[in-house]
Structure formats: C-alpha cells, structure tokens
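Please find one structure pasted underneath; my questions will follow.
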Amino acid sequence: MNINMNEQYRVLIQCNDEKGLVYKVSTVFYHRNLNIISNHEFVDKTHNKFFMRSVVAGDIDVEDLKQELSNVLPKDTILEVVAPRKKRIVLMATKESHALGDILIRYEAGELDAEIVAVVSNYDLLEPLVSKFGIPFYTVSHVGCERDEHESKVLECLKALGEIDYIVLAKYMRILTSRFVEAYEDKIINIHHSFLPAFIGANPYKQAYERGVKIIGATAHFVNNNLDEGPIIAQNVIHIDHAYSWEDMQRSGKDVEKIVLSKALKLALEDRIFVHANKTVIF
Amino acid sequence: MNINMNEQYRVLIQCNDEKGLVYKVSTVFYHRNLNIISNHEFVDKTHNKFFMRSVVAGDIDVEDLKQELSNVLPKDTILEVVAPRKKRIVLMATKESHALGDILIRYEAGELDAEIVAVVSNYDLLEPLVSKFGIPFYTVSHVGCERDEHESKVLECLKALGEIDYIVLAKYMRILTSRFVEAYEDKIINIHHSFLPAFIGANPYKQAYERGVKIIGATAHFVNNNLDEGPIIAQNVIHIDHAYSWEDMQRSGKDVEKIVLSKALKLALEDRIFVHANKTVIF
Amino acid sequence: MNINMNEQYRVLIQCNDEKGLVYKVSTVFYHRNLNIISNHEFVDKTHNKFFMRSVVAGDIDVEDLKQELSNVLPKDTILEVVAPRKKRIVLMATKESHALGDILIRYEAGELDAEIVAVVSNYDLLEPLVSKFGIPFYTVSHVGCERDEHESKVLECLKALGEIDYIVLAKYMRILTSRFVEAYEDKIINIHHSFLPAFIGANPYKQAYERGVKIIGATAHFVNNNLDEGPIIAQNVIHIDHAYSWEDMQRSGKDVEKIVLSKALKLALEDRIFVHANKTVIF
Amino acid sequence: MNINMNEQYRVLIQCNDEKGLVYKVSTVFYHRNLNIISNHEFVDKTHNKFFMRSVVAGDIDVEDLKQELSNVLPKDTILEVVAPRKKRIVLMATKESHALGDILIRYEAGELDAEIVAVVSNYDLLEPLVSKFGIPFYTVSHVGCERDEHESKVLECLKALGEIDYIVLAKYMRILTSRFVEAYEDKIINIHHSFLPAFIGANPYKQAYERGVKIIGATAHFVNNNLDEGPIIAQNVIHIDHAYSWEDMQRSGKDVEKIVLSKALKLALEDRIFVHANKTVIF
C-alpha cells in the first residue's frame, strides 16, 4: 500500500477548461484534510485548456486520491499524483564538457533530486571526466554505422538501463530520428546553442556571426520530430559586440547553455512543466 | 444597486493562512456561478500570511459578494472586491521629463487604465510639456518656504483634487515628511534612481561612479517614513563599464527609471500588488 | 573657411588593414597638435578591415586634415572628418505612438543632438501628438495607391524636406522598395519588433506566441533591400512566460522597441556606427 | 635571452595622461615592425589617467621593448610587457562547491590559460571533489585557532606553493586581515554573493530577503582591506519574486556567482584588468 504521512505530493492536472474546476479540486483536498503547500493554475484561452499544479501534504493514498479527482474532473483529463522519489535520468553528450560538467557538479553537491543512471556518448572523450564521479559511462560509437544502426545501438543501451524519467542531451550532437523521439516522448530535454527559432540547425554561432547579431542565446526544449522545433522550456541570452569572432561567441555561449539546460532539468525534476500544443506551461 | 453582468471584478484577499482558504473562496465563487478568469495564490510561510487575487466574471453585487466572502474568511482578513473603473492618479515631478513623459505618452495612447487628474511640481519647468497633453499643471514652489510649509501647500493642492488612488513621484526630488506619507499610505509610488538598497539618498549615480560598479539600476517602491526604504515593487538594471562618467550613467539610467516606474504603475492600476511586512507580493 | 578652435571633431576611418595604421594616423594628429579625446580601433580579421573612430580637439581645418590623412592611408579608405553640427532627421510612423513618442520626449528635453525636420506617416492618426511638439507632420496616405505610386509620393515629400542625415522608421509599417532604400543607403534606421533573425516578416509577436518562446525582443537595424535583413545596430530582450497572450507580448514588447530604437538613433547621431559586410562595428 | 618570433605579447600601460601618448607608443611598435593585434585605450578624465592595452606580435625582446617604451612614456608609468605563459593560481574555498566546481570543469576542458597549483580550504569537505581532478588539496582548519594564527598557517601554506599570480576565493568564507591582503595586493579575486554595495557583510541573501528586493546579484572584486569594498571586476544579476525564500535566492544565486567569478578570472588571466583609485578599467 502507498500511504505516507505528512509528505508532499504533486498533483498535476491538465484538462479542458470549464467552470468550477478549482472548486472541485480544492473540495477534494479539503475533505481529505490535505494542506495546500502551493497552488498554481493557468487557463490557455486559445486552446481552452486548464492547467493546475498543487503541492499538497497530508495522509495520502496516491491511487485513491487519483480516483477521487478523476471522478470530479472532465473525461479527457491528464492527471498525475507524484509521490516524492528521485527521478532516474540519463545524460547524453558528445565532446564538449561544459553542460555535462555543470550537471555533474550539481549532482555531486546533492543539488539534483535525481539519480544519474549513466552517461551515454558517441565518443569516449568524456569518459575520464564522468568516471571521476563514479557514474557509468557508455560509448556507443557512430563510426562506420548508418544513422539507424547507430541509433538502434543507443536505444538498446538505454533499454538496458531500465526505467528512465528524462534523457538530457547535454550537447549531444547527433540528430535523433522519429523512432527515438517517439520512444521517449516529452522525456528528452535538449540544449540548442541559439536563441530559437533563430539559427535552427548546424553551427548556430557561425550563423549568428555571419548575421552580425548583438545578442546570442541558448534554448532548452523537449525534442520532437522536427529538428529544434520542440516545446521550449527555458531560454536566456548574453550581449555581444562586433569584436566577437564566432569562436568567442561559442566560448561565451557555453555559460548560457549550461545554466539554461540545468534550469530546464530542475523544472522537469520538480514536475513544473506541462506540455500542450507544442508549448510549455511552467509553474 | 451595484449589479453588473459579465464584467470582470478583482477579488483581493490577504489574511492569516489556514487550511481550506482556497476551498472556501472557490466554493463562494462556484455557488454564485462566477467564472474564474485568473487565479493567483501565495503563502508567505515566514509570516504565515495567505494572499489571493482572483479575477472573476459574472453577475456580481460587490457588497453582497464581499459580505459572503467575509463570512468564510478569518477575522483579520483584508478583503477588496474591485469593480472595473479608471483609477484617479496624480503625478508629481521636479525638473526631469523622462519618467513623466513616458507616462504621458502611454496615457495619450490609451495604454493606462487611469485618469491623470493633475501634475504637481515644485517648478514650472515641465508645464509646457504637460500642457500639450491637456492635463492641469500646478506649480507649488518650495522657494522661500520651510519644508513643512511647502508640504502643507502641496497637501492642500492635492486635497483640492478630490479622491486620489495613487500619487506617482515621477522624479519628484523633494523628501516627504511622515505627515505626507501617512496621508497617502501605500498610495505613493516613487522611482529611485539606484538599485536599492545600494546608494540610498542623494546623487546615487555619483555614488555609483565613485564605487566603480559595473551595473546600475532603478527601483520603484511605495514610499514610507524611511527614505528609500519602502516596499519594493519593481527593479531593473543595465550593464555599464569604466568609460561611463556619472553623467553618462545618469543619462543611461533614465531609460531604466522610466520603464521601471511605468511598470510599477501598471501593476498598481491592475491591483496586482499586495503589501505586507514592508515587502510586496505581486501577481 | 572651416577652422574652429578647441571643438571636438570625429575622425572616422574604414580601410583595408595593414601594419602601421595607428602609427600613421596618430602621427598626423600629433604633428597637428591635436588632443585625442577618445580613440577606438578594431580589426575585422575575417574581412581584413580596419576601423577607427577618434574624437580629437584642437585647431582643425576639416578639408586639410582629411587631405593629410588621405595621403597616409590606403587608397580604398572611407574617411570622414565630422565637424560638430546637429544632424537633420525625419521620423516615419504609422499608427503606434510608443517609439515615436519616446523620441519626441527626448527631443523636447534636448537629449538628441539632432533637428527633427518632420514626421511623415501614411495615416493622420499621430498628427495630434506630433503637433503638440511643433514638428511638421505630413500624411501621405497609401489608400487607393499602388505601392510604387505611394512610395513616389513619400519620396517627393522627403525630397522637399532637403538634406536628410537619417530617416528613422518609428514603427512605419510599410515595406520599402529597393528604389527607396537605395536613395537613402545606410541612412534608414528601422525597429523590427522581434529578436532578428527570429520572426522575420509580419506579426512577429503572433509568430512568437505560436512558437512558445520564453523571451521576446526587438532589433534596430539599417534597412537594405532584403526585408529585415539589414545590418543590426542594437537588440534587446525581455523574459516572458506562458501566461502572455500575443497581445501581452505586443504591449510589453513596446518598451523594448522604443528603448532599442532610441539607442540606435543615439549611436547614429554620435557617428559611432560603421557598416561593412552587412554588419555593424559600433564604438 | 628572451626573443620570440610571431608570438603575441601584451603591453600594459598606465600613466598620467598627456598629449601624444598613442603617437609615442605606436611609433615604438612601428619602428620595431610589430603587428598590433588589438589596441584599447581609455582616459579617466577625473583622475587624468591614461590606460592602454596593446596585443602585439613580432620579434620581441621583452626587456628591450620595455626599456624603449619607458624612455618615451612619463616618469610615473606602470608598464608591463607580458610574454605568453600560463599563470599560476591557487583556489580557496570553504564548503560550497559550485564556484570551485565551475572552475575545475573549465580547467579540465583546457579553457583556462592557467595552472591551478592547489586548492586551500579551512574544511576537508571539498577534498573528494578536488582530488578527482588531480589537484593538490590542503586543509588548513581554523578550528581552535585565533584568526591571526589560522591566517599565518594559510600564508605559510601559500608561501610553500611558490610564486602565485592570482588567489581565487571561490566562496572562501573567512575574512582576511590586512596582513594577508597586503601580501597579495590586487592578486586576490573574491566573489561576493550580492550586488555590491548592497548587502555588504554576512548573509547577503537573508538581507535581500528581508528587504524584499526583486533582483539579486553577485560581484567579483579584488580584495582590499575593507570588507567587500575592493575594486569591482564583474557583476551580474537575476530577477526574483516574492515566492523566493532566502534559501531559494541562495540556490539561484549560485549560478550567478560562479559565472561572474569565472568571468573575472578569465579577464585577469588575459591581463585585461587595470586597477586605479579603487576602480577597474577593463578592456
């Protein structure tokens, strides 16, 4: 049985908007004598969608609470009641260490409410870094492989790691096919090194240099089938000037990339992100 | 009688936190068949205070709704139900026109949900600008006056203008005494030309220049008895470098000042600001 | 004759890079007994171009100084010696007043080292605002005109205004043809209401809303033949979240637009912008 | 002898301003057939000080070049000609790993043009992290010591490490006495976890929480005798709101702290920082 006293649970609701939703949900909480620790609601008027994230504490049986909430909410509701537990994540990287390293340092400091199950890479270059932290490192080389063949090997590798909550692409520089993306829908977080939708695709810093922009940025997003077009989670920018070569942009951009990716990961681990209509609602 | 159909009302609640507040309030809304347009809640755990701002639409009798909410809420509750109306504001200025001008341009464009009743200044320098916009301008000179005497004249001038929702100090460079502040508690919005609490007092840009800071800022806050120590509403900053003289800082700082002040004013006009323990909660 | 004592002149040099340029230029200044007030140099290594902006004071004959500098600089050099004078600018607008108003308030305060010769618009909507400031307003309606015909009328109107240093498109919502752009090459400053190159074209805020970005921005740029693809002068951004409708983005974006456009105008008036290879070098 | 071909040297000049300085310096470079890679000048008019940083390439004898420049520059000139070499730095920390870890990850990636000689701490808590990177870790406990006694031990430890270019206080939470500061004047870089001069001293995040600020920041500065009052090198901020507890501020603030400290360190390693009158000039 799944009963806990005085622990905090996250109730996540996404459904068509209608009158009385807050009333109905808060009535359930009230009659169960639950404490609302925090409460966020949002109505997307364009799509008539209601989003709610409540953190509640008290004597909770997850399945039972879910059932009762389901009874009062509309038919189509996406409902989750998340009990406290460390999420299992896998990091993927290629050659650059800044985004990966930023996560490792946070992990080591106990900042992440997660277990890093493994790091998977198409090179073995980052193995020495990852090994320092006692995390399993798997090299799945793409050399001499067709894209599909390589991806099959990666998928196998991932499958062997068991249940995964999030895959974090910490500068993993290979394009994923729809097969991969569909296997982990809304579970793959990528960092793109530009202020999307500017500079989609390869070498965004070179593109930015050519265009002569005065600001560069980074975008963390869920991965979907269209390259760099998934739901955006977080973005940030830094000011640059004419004196920046594209290599300077790349160097400076790394700081934005790693902070934005780590921020997106934190939001995901705290169940703060809702996805709808290729956009995110973030509480 | 005060009944309107389908208009939006703002319900503002501030009280000691206890279990069931959201349930109780949403129950009242539900049984009155009101639509919740938007809903924000926050619990200040340090002070055990609950804050809620709901925008509701439907058939509303303000006094009646207030009464019913009062019945279910704790004794100490500060409760307001705000019907849609233009707030009456007075601007005060001295010599600089940037913050004042920014508000005037917005006003002319119909951006502000307010009526600017008058501009009051201790100089007549800005009268030509204000007159362009057809707004009454009152010069209350401080020359040859004691501080108290001057302030009495200003207060008289304000009293003659009738009910005032907010007084906006758009770079009004005179210090207000407690008599003035108490007459308009939590109704006076000031823009201070520094990133408070850095550089309290006179000539913050000169202070910033002397200190060699790399960022300057501006702070909009409610005015209380202690100079520059009232509850902060909004702040912003810009990056500078060694090449800025203090006059350059002043010039560049104006852009931050005016945007921050106008933002704070907008928040106030939309009843988004709660004040408690010398801090603001902003929805 | 063009001799002034102790006034500040701006020397602007753009040429192919070669050894000894700083030496040669500073030797000319030294032997003429000129004081260097400030000095900025940059070498664009990609294009092997040297850029220099010196502010010098002393006894200067513009033509004579230009001649001597020409003698020591490479053949292809673009060289200007700018004596202090107010630049003549024309503002163009359509219906929105925020960017225009921001410039007018600065102008009234004496902040702009320029003379606003006129405001030209395809609507008469902003005439009341502009008239307050005593600036000639010309309505050149596009209604019932082909694009070319309308543009011819605008060009005539501009021609009649005499020499123009800069045309500032303060939210002028008509696309200019190459005929127009070529007539005022590198003299037309536009504000685009997005963070270029994201959201080129119409309704960038709607595009941004659809894409679900977490940051919006504005870009001031010189206008060239390709829509929204001219050299970028200045950019800035603000953070937004899922609760912003596209109308909210538009409203909030106005603050960025006006500040960025006014900043670009200031840079232009101070002769701080060099254009090369569709990019700007800004000192 | 100290002759190198085609390597880049940094020429750093700080002296009283007078006419002809650029001419004189560039004449020396020209006659020695040196290539100017980049050139920055600034005149602090308040203090009549001239600052110049030139990166030059060519056939350079450091002492000889220094001598010739000395001959043409004013008597009081502070002059350095820096040949390319890795600077030797020591990191100091206490318990928090974010700023230290950020530097270690950069170091491992070869991003820093420096050798980290050692990490010194008053706790052994970070030894496991530092050891992963093969860097010597020295614990100099303050437990049971007077401040002076503890500092003597730290100074001894540092002395044993040989010549040190910079000491980086990566959240070293002990106050240094003037004896320590004077031993390493303008060589100690600290990160203070507030936007100085706001919230000097202990627990700045608690202070910020109490004050109800809407922005928090971090400041990297050289350490001098007055706590948190040394020359500022770099600052940055993030926006927060009423929902942040001081612990949330602390958590979020770490990201700013580490990026700002690493940025300041990079500027120092590239010899881009001049110190004068308790302020920095940064090229």
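When the chains are written out, they are named A, B, C and D in that same order, and each has its own residue count from 1.
FYI, contacts are C-beta pairs under 8 Å (C-beta built on N, C-alpha and C of every residue); 3 or more make two chains touch, one makes a residue touch a chain.
Computed from a predicted structure; not experimentally measured.
Considering the contact criterion stated above, the chains in touch with subunit C and with subunit D alike are A, B. With centres defined by CA atoms alone, the chain at the far end from subunit A is C. By number of C-beta pairs in contact, B-D leads when B-C and B-D are compared.
When the contact pairs of C-D are matched by residue number against A-B, A-C or A-D, over half are shared only with A-B.
At the subunit A-subunit B interface, residue numbers used by both copies make up over half of all numbers present, so the two copies contact each other through mostly the same positions. Chain centres here are Cα means. That of subunit B falls 36 Å from that of subunit C.
Here the spacing of subunit B and subunit D, counted between their Cα centres, is 41 Å. Residue positions of subunit C touching 2 or more other chains, listed in rising order: 42. Chain contact summary for the complex, subunit A toward subunit D: residues 96-98, 101-102, 104-106, 108-109, 111, 129, 132-133, 251, 255, 259, 262-263. Only residues 42, 44-46, 195-199, 211-215, 217, 231-237, 241-243, 245, 278-282 of subunit C touch subunit A when the two sit together in their complex.
Against subunit C, in their complex, subunit D makes its touches with residues 19-20, 22-23, 26-27, 29-30, 33, 35-39, 41-43, 239.
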